[in-house]
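Chains: A, B, C and D, in written order; residue numbering restarts at 1 for each.
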């Protein structure tokens, strides 16, 4: 075990998986010479060569589209999108091809693409470096989505994504890239997709969250005198319905937290799941604490946009 | 009043609004010389000239991006995306600019863009002519979304969209383009955004739906011996929460129906709304009948993908 | 291999010329029968490629079996040149499962419906094969309208930068449905776009199968020998509707269409081969007959398939599906 | 207007030359002070444009006040040439509301962060003005890396097809963060891309303000007279980090950077003007002093603004907001 930051754990996973499987390659903008604008791909080009850690032209559809072709040639491409909001030019490839191509071949070809990107707000950056685009991805059939909140999970989920035979998108919470530190298993470490993590056991209310909202929920729980069970989803598709429903059955109260805008944010899916399968367990309304349905603001007021421990805590209080 | 098909009503709205306001112009692929592949823009180029009904190059990001600039020059562009799935190349413009530009200018510039497109399945078409992409649009801050199910609403909602000062996306249910016929007011006709329509009043269960799923819900209601209240949302943003909650308060049972894939489809938002604001009105789980989280299939089996009256009816029965 | 008619096509034997002819006739027969099948309600909407046969047969004749073809809907039947059964392609247009072939079986990618979106795939495949030391070339087909799309630009530029062995074949039929070439570009020729990528670009007569083949042959050799991609523009004029659903009379130049039909590419090649003494009336009739048999057998095989199992909705979406996949 | 130094710049008077010089110094001062302010924690991450002043001042000097400028983050301070207060731009980098100006006040569009995404906007604006009979020209700035994006391609092609009066100014500093030009294109020059759109393309020395101006002047005249868009490539070599967060030592050629710094564009123009007797040491000192005063006043004004009201989250998102907008 080594103590690493979250972004160091991402780098560790990439080194480990490229060393383990010669078919794994990394491509994206500035991933090679610079080792990534967050250093997530540092050292890969020197160690594995410029053909397995490729600085591409500045064109996201070209990057993801080439990755589809690379799969046809037997590669397992790991694509970096430099930032959340800069992945949007690749959405046409994602929706029309990445999520559909295997189906199109009658299941006879595999497209084990991993798309990883830093996501989320609170980093005091210029416009469009703050989005939480998970809805665009998880709504797209054929795509799996994972979001770690700890260094160990950042390594394990990325390894699982790279080894997964289906396309997987891994959103890395850039807000805690360097502040989230923790023990990370050395060598191969895989956290299976579809298993939520009970970040904190509790009895009175269930807080459903992921990524950078996990520490926010923990801070809220610390400030509350009711017992909060914090479920870190880790994976949005496949979704660990059992862990969610078990917790809700126990507590009867739910607050869902995410940064993304509220309307059809992933919280809506969680609320719908509960409204369908746990309706008679509920002792109160299913509440959401989310980003607003407005453009992500300039950073002087971003703290008012981001769900805060205070907003989460007051939502919880309103349930009692 | 004239009896028109839904696509004729769209054409009527465009003729009426271009005649009413010299700043309104139409642009897109094949909207001019051919009058649109569904004839939605027929006659506009001859009547208003090639500068107000423009056949653009084949490039959706270019189309929507130019529309942003056209707004800056004082135009009210009405953009046609030829089909649902062919709008995806424009998503980067939609998310990074169309939804944000007014905010970016401190509210001092307006971007009254209308994006209209035929959407939805069941039309026995080759791949990628069948998508229901409303989630990608309604999740995007700054964007409004309307979806008519009748010819009169197709005209009235499109007119409202064109006159609206904010960007509005209008999804036209191509499955009923020519089969939905009805009385349409002549001349100016506006249906305000944000007002749902009670397609059928009832007492036992609320069916929430829009677009081509309204007739499916009507067929299901006909087949059922419980009294169904069918709410045709007409507009997803702004959303008529009051009509929805009033109906749910009355019936205590809800089935939500849409074609789009289930995960974070708009049904999730509706279920979340109810789970938050109507939880104590409910006598049963909130059910969704939707497309599946798989690629839209080849048409020989598309009927198994599309929500059917049978699937809706059995969902309703399961509530009693 | 020696050629008896070097004046026609250096490097091609009479057997090659006849095979090329056979492929054109096969494509032509597929297309003409498909329009009839559509009218009879035996296939769905269909994208007609009548008079595009010289481009499709000519360009692909320069490929080896290990090379990959990336078709658009306009080249839906291009698998025929690789021996793909007609029923497979007919089933695609009938919306039937067996129409969704395994690209690896034929080295023919799935039919790309979103315009220009398959160009980056061709680039990625060619680049990926090169990185693995395999010497496969990728050939991508697309139209004049496709050159306006961002993904055309990104796909070609990636190939150029990566030195990927790709041949980009632009079917410039001068129309994108109802939109004329003049509304797509102000360039003198679409081949002019090549210089913006630092790659060779050539323009050929899209109705001259030997000219198309010669250009493709040169491009394939260049790609294989590490020279990177080439853009080939094949110019003609769409002489048929865009698809069975389209009525071009509203926009197209009907006189020009008549001229094009009079000069259609299969008959043109047929006359050439007959004048050169390579093809006889008897042989031509045999070839035509054989192609019609292929189609008759193809539609029969297609129609004899059992209805698709709705379970197929779920079978192929994921290797390892999420638990809630069937929950709709 | 007569010019005293036609050998320097035909059509430019001494007053013009001095104003051009002043604008370069103002931009240079803005940039150098901003790096300091960043180090002092008084502004956020900042995209440095040191040695890009000749491009920004030279190209925009060819515009009239009714013409529009479409900047990328690299041209964040370009509003200065239109008289935009320094504090406005500083506030953008401080994430403060007053940094988000009204484009119509200055005919300067908002700073475009997504690469190349603003090119279609410039095209749409120029086209739209033309359709309304106004003769405004749009000038869009973007980098070498931007030319790889699909939206560059679509934006330029639309302008060409529509005959929109746009001048596309490519700041070819030969780096996209850490990615060298050789990884963006195989083209001989980025100006070569113009022929693919059927428009004129020219390459100029990006450190020669008069060369940039001359090319821009010709392009603006052409656009205004109905000649459509032009692509201008301004070549230099990035002599500063991409942004305050970037450490180029990992990838850049430091010797080359030294040469570039020695030949930096402001000093080069200053020497030229002094040799020609247009500029004196005293005047140069005055100009520099005035620019530093502008910055001192600018940062003071910025820092004296009250903290932003969180209510601004909601004020400008919609003209007519949905009822649930505040529900988070």
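Observations on the model:
As a convention for this text, contacts are C-beta pairs under 8 Å (C-beta built on N, C-alpha and C of every residue); 3 or more make two chains touch, one makes a residue touch a chain.
Here the structure is a predicted model, which means the values were calculated and not measured.
Ranked by how far their CA centres sit from the centre of subunit B, the chains are topped by D.
Subunit A and subunit D have Cα centroids separated by 36 Å. Computed from the mean C-alpha positions, the centre of subunit A lies at a distance of 30 Å from the centre of subunit B.
Centroid to centroid, with C-alpha atoms defining each point, subunit C and subunit D lie 45 Å apart. Multi-chain contact residues of subunit C (touching two or more other chains) are listed as 97, 100, 113-114, 148-151, 153-154, 157, 161, 183-185, 317, 322, 324. Of all residues in subunit A, those touching 2 or more other chains are 56-57, 59, 61-62, 85, 88-89, 92, 96, 103-104, 127-128, 141-142, 237, 263, 288, 292-295, 297, listed in ascending order.
In terms of inter-chain touching, the protein chains here all touch one another pairwise.
On the subunit B side of its complex with subunit D, the touching residues are 25, 51, 56-57, 59, 61-62, 64-75, 89, 92-93, 96-97, 101-110, 141-142, 144, 164-166, 194, 237-239, 241.
Within the complex formed with subunit D, the residues of subunit C that make contact are 148-154, 157, 160-161, 183-188, 192-199, 228.
Interface residues of subunit A, counted against subunit B in their complex, comprise 61, 85, 88-89, 91-92, 95-96, 99-100, 103-104, 127-128, 135-136, 138-142, 237, 260-261, 263-269, 271-272, 274-277, 279, 282, 284-288, 292-297. Against subunit B, the residues of subunit C that register as touching in their complex are 44-45, 73, 92-97, 99-100, 111, 113-115, 145-146, 148-151, 176-179, 183-185, 245-246, 250-251, 307-310, 312-314, 317, 322, 324-328. Chain contact summary for the complex, subunit D toward subunit B: residues 68, 97, 100-105, 109-110, 113-114, 117, 119-129, 131-132, 134, 138, 150-151, 153-155, 157-158, 161, 315-320, 322-324.
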